[in-house]
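Here chain A shows up in two complexes: once beside chain B, once beside chain C.
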Partner chain A sequence: MEKGLSRLIGRRWADLAATRLMFVATVFVASVAVFIGIGLLLKSWPILEARPLSELLFSSVWCPSRGEFGFYPFIMGTLWVTGLAGIIALPLSLLSALYLAEYAPNKVRALVKPALDLLAGIPSVVYGIWGILALSLGGISIGFNVLAGGIVLAIMVIPVVTSVSEEVFRTVPRDIKEASLAVGATRWETAKHVVMRASLPGVAAAVVLGFSRAFGETMAVLMVVGNVARAPSSVMDPAYPLTALIANNYGEMMSVPLYDSALLLAALVLLVMVLVFNVAARLALARVQRRWA
Partner chain B sequence: MGRRKMEEAIFKCLMVASVVIVVGVLLTMIVMVIWRGLPALDLSMITQTPKGGYYLGREGGILNAIVGSLYLAIGATVLAFVISLPVALFLQREYIGRARFAGLVRLCLDILWGIPSIVYGAFGFIIMLYLGMRASLLGGIVVLTLLEIPIMARAMDEVIRTVSADLKDASYALGATRSETAVKVVTRQVLPGILTAALLAFGRGIGDAASILFTAGYTDRIPTSLLDPVASLPLAIFFQLGTPFPEVRERAYASAVILLVIILLISIASRLLSRRLAKHVVK
Partner chain C sequence: MNETCISIRHLSVFYGKSVALKDISLSIPGRQITAIIGPSGCGKTTLLRSINRLIESTDETRVSGEILVDGQNIMDRRLDVTALRKKIGLLAQKPSPLPMSIYDNVAYGPRIHGERDRKALDRTVQDCLQTVSLWDEVKHRLRAPASRLSVGQQQRLCLARSLAVRPEILLCDEPTSALDPVSSQTIEKKLVELKKDYTIVIVTHNIHQAIRLADYVIHLYLGELVEHGPANEVFEHPKEERTRAYINGTFLADIKFDKELDLKGTKCPYNFVYAKLALDDLAEGNILRIIVDDPTAVTELPRGMEADGYEVLNSNQLNKTDWEIVIRK
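The block that comes next holds the complex of A and B.
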């Protein structure tokens, strides 16, 4: 009896200890984002103090050796490349996902789906290499510019967005699709009005997922986008995204005053953009879901 | 009626066209990289470290980068696993209780997921400067761990959530504690999914270059301690591609093939493993 009781206490104790540990791990992981934010803010503070924020964000003059730090060209570079990737990738991914979920024969889906998942795992340098190879194909070279970066990024993002949205589309209950077909809607109308609408939150999540990846991508873009510190005015102009700025200059900036602080500010800007993007998507979703609930 | 039929036909064409474009482009990509890489790939690439003048096109291989990448990715995946599994288990209802806290943690994980790897790299570098560390295997592993945690924890969370309440209730009814249920019932039930999550994170870790650019360094030797700098495949590709010598650039393509093969093996392994382990699952 005595032994049984002490064993019981032991198990109870183990359970409590495990719970504590799990709690600590969870709090640690959740606070990593905060730590990163604080760390970057502290390190970029010198430049934020020395220059007004509006000058940093909206000046186009980038000349660290003269103490001029205008991030405008880099912010625009990031937005142009990501935006173009989205314009190319979104219709292709969503249409493909709809086809795979609603139209494709089982055999096609069984073949394409694992291939997409595999492609989603391919490292970005490989996409970058392909970009360089494709750019150097004789005759049809488009040069190192926003277009090249956008295409490479789009191709990187497509497997992720397609695969996740296909899964979301497939969770739409059969009943409501059949209800739509029964009242005379065509398959496309059903896909458009019923499937798409019912899975909007999930699709939005898939898009945010894909975009976060496009947005923070460094190596693949760096290799094909040209890296000229001027805000692009068309897709044929070269660009210089924030991520490439950090990767190209970090490590050799120690001798120039404020330079390291400026580069960490670039990292902070990226972090804030990701944060805004995620929170905005969440709020929009919560709103959509409330309207339909 | 005619208009609706037409719309149907047009969109069906568009959909088929997009699938063909997507699959076509992605296949061409793989084929092109392999096509360019295979001719330069020989045994010395994977059995030797760079010899003198390797980066001028003389002999040697990239064994340093292959081994380095494996060290980095395995170290990071093990660490991330040890941290992510408790987090994913804790996010379930019987532990966390309040849905709002769970939502907050998931939001944090999503934000971490979205943080560009170069930002992890820069952050890691600040910390290492602060601690007075040089670029090293340890630094690389820690930064990659941070990068992998959100991927792994979220993927595990998704599969663990699918465990039915009935199964857990059955375990509780027999007198098992929450942690016993978590380890012996829940974890076993979703073991295939958990391993897939780990391998997914491993794949991301081994392929990431930006986060280890400043934190792991680069060297021609295979590291012998955690504090040595370490080479990695993605960076090997990147640096070789940056040289002006065609022979070295060819080797960058060959290195890309090696990286692709590793990723492919992981993917196959994860499929086989999940099939194998599915036998413990209660249907």
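The block that comes next holds the complex of A and C.
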């Protein structure tokens, strides 16, 4: 009796402790994001106080030694490179994911899936070197510009988006695909109207995941993108994304007033851009979902 | 009217190395309900899915033999599968509404086949939903997602979707197994109504459903054709011992009674009269189960019922005193 009771107390105590422990772990993980945000805000506060936000965001003049900090070229650099990567990567990823999920024989899938996972695991500096050798200098020699950066970034994003979307496509119930085939739809019509539609939320999540990474990708991009602080006006122009700006300059020229604060503001701007992208994607999805659900 | 609609010649289907169907040859009559019966894994669904060539979507399937639909061999590689499937509707086991609105579900097939005219689509949607008695329930919310319907409504929607491309043949793969009794009954009623215009092939593991619906029966066992023929012949005088065993076995195992009556303690002829009164309240084809403990009733009651035109399905001793008698109206 005595033993049974103490065992019961022990079990309940362990249960309670586990619950608390998991809660603390979750709070810790979630608070990291908040602390990073607060840290960036505090560190970039000096420049936010010294300069109006509109000037910081929309001025094209970047001349720290004269105290001019216009982030416009860098914001546009990030948007151009990421946007181009999206234009290249999205159709390729979604079509190959659809092929793997719906058309490919098991053997092909068994070969391609590990290859994709391998691609996703290659360090980004390797992609950068490949970009220099294959795109910018040797190979097709397109130079150091948005195009080269976009291609390299697309190639980095493709495995992630393809792999995740393929998983999502494969969760579409066989029943509804067959329902479509059974009324005389072709496989493509079924893929287009039924599979894509049914897997939209998951695919949207895959795309958001892939591009949140693309926004912040640094190494490979800064190696091929040219790093000229001017807003690009075509894909053949060089660009200077926010990430490259921070990576190239943090720790140097720290004697220049406000420079340190400016770089942390660049990081904050990047964080906000990714956040806005995430929220916008979610809202758009919710809108579409309400119509179909 | 009852000319052969589908004829199957030496059909064999293999999944990888295993044989799903072995050399099946038979004919399915037009504008009747043909039930494919047999235990699980006997190839019922494979046979059904061969008819609209949906088995091809499974990896590593091999098929040999011929299936003629309206005299045309559908196994022909040059055949346009989409045209074939337009002619052959499918009602699946689990209701499978497409991820779109109620309206779009029904309009899906016609749109795929090129119908763009808004008015024609509206008319088809309304017609088909009326045919399956769903129109009144959904006419005010045609734009709502189909997933919001109840499971029973979803299955009727799926039936409407199949009908929207104006098929000649309707394949049903255990169409009521996921439904509640009332929804099942609605679907069965619809199938009986539809057989005047459609050739219906239904896979069922529910022998009572087969008895209620079928005009023609195919019994498969482990991929082999055991017996096929008109329903009354197969059910009443099965030629094959395996068919008899299957029908009886299923009967005792999962019989569903429409009404049960405890007549213990009543003597002949009162128990007979009570049973008759109970049967009067039942619909044609319904099943009554009575329990009696009068020894005379055990022999006399079934005899009297048969004489009055009822079918005695089973009479069975439950314990020392009680007997169970199952009668179908």
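Definition applied: the second predicted complex is superposed on the first by the 282 of 293 C-alpha atoms of A that agree within 3 Å, B and C clash if a C-alpha of one lies under 4 Å from a C-alpha of the other, contacts with A are read in each partner's own complex, and residues count from 1 in each chain.
To be clear about the criterion, a contact is a pair of C-beta atoms (placed from the backbone, for glycine too) under 8 Å apart; a residue touches a chain by one contact, two chains touch by 3 or more.
Model, not experiment: these values are computed from the prediction.
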Looking at the combined model built on chain A, do chain B and chain C fit side by side or clash? fit
Output check: A:Ala267 vs chain B and chain C. Expected answer is one of first, second, both, neither. What do you get? first
In the superposed arrangement, which partner chain does A:Thr186 touch: chain B (first), chain C (second), both, or neither? both
Which partner does A:Glu178 reach: the first (chain B), the second (chain C), both, or neither? second
Who contacts more of chain A, chain B or chain C? B
After lining up the shared chain so the two structures overlap, which partner does A:Ala198 touch, if you call chain B first and chain C second: first, second, both or neither? second
On the chain A superposition, what angle, as a multiple of 10 degrees, is formed at chain A by the C-alpha centres of chain B and chain C? 90
Regarding the shared-chain residue A:Asn106, is it in contact with chain B (first), chain C (second), both, or neither? second
Pick one for A:Val157: touches chain B only (first), chain C only (second), both, or neither. neither
Now for A:Thr19: first (chain B), second (chain C), both, or neither, which partner does it touch? first
Between chain B and chain C, report the minimum C-alpha distance in the superposition, expressed in whole angstrom. 8
Show me the chain A residues, by the header's touch rule, that chain B contacts in one structure and chain C contacts in the other. 186, 189
Show which residues of chain A lie in contact with chain C when the two form their complex. 105-106, 173, 175-186, 189, 193-194, 197-198, 292-293
Of chain B, residues touching chain A in the complex: 4-5, 7-8, 11-12, 14-16, 18-19, 21-23, 25-26, 29-30, 32-33, 36, 83-84, 86-87, 89-91, 95-96, 104-105, 107-123, 125-127, 146, 149-150, 153, 177-180, 182, 200, 203-204, 206-210, 213-214, 234, 237-238, 241, 252-253, 256, 259-260, 263-264, 266-267, 271
Residue positions on chain C within touch of chain A in the complex are 52, 54, 57, 59, 82-86, 88-90, 92, 94, 96-101, 108-109, 112-113, 145, 147-148, 158, 161-162, 164-165
For a test of understanding, state which residues of chain A touch chain B in their complex under the given definition. 11-12, 14-15, 18-19, 21-23, 25-26, 28-33, 36, 39-40, 43, 91-93, 95-96, 98-100, 103-104, 112, 114-119, 121-130, 132-134, 155, 158-159, 162, 186-189, 191, 208-209, 212, 215-219, 223, 243, 246-247, 250-251, 263-264, 267, 270-271, 274-275, 277-279, 282
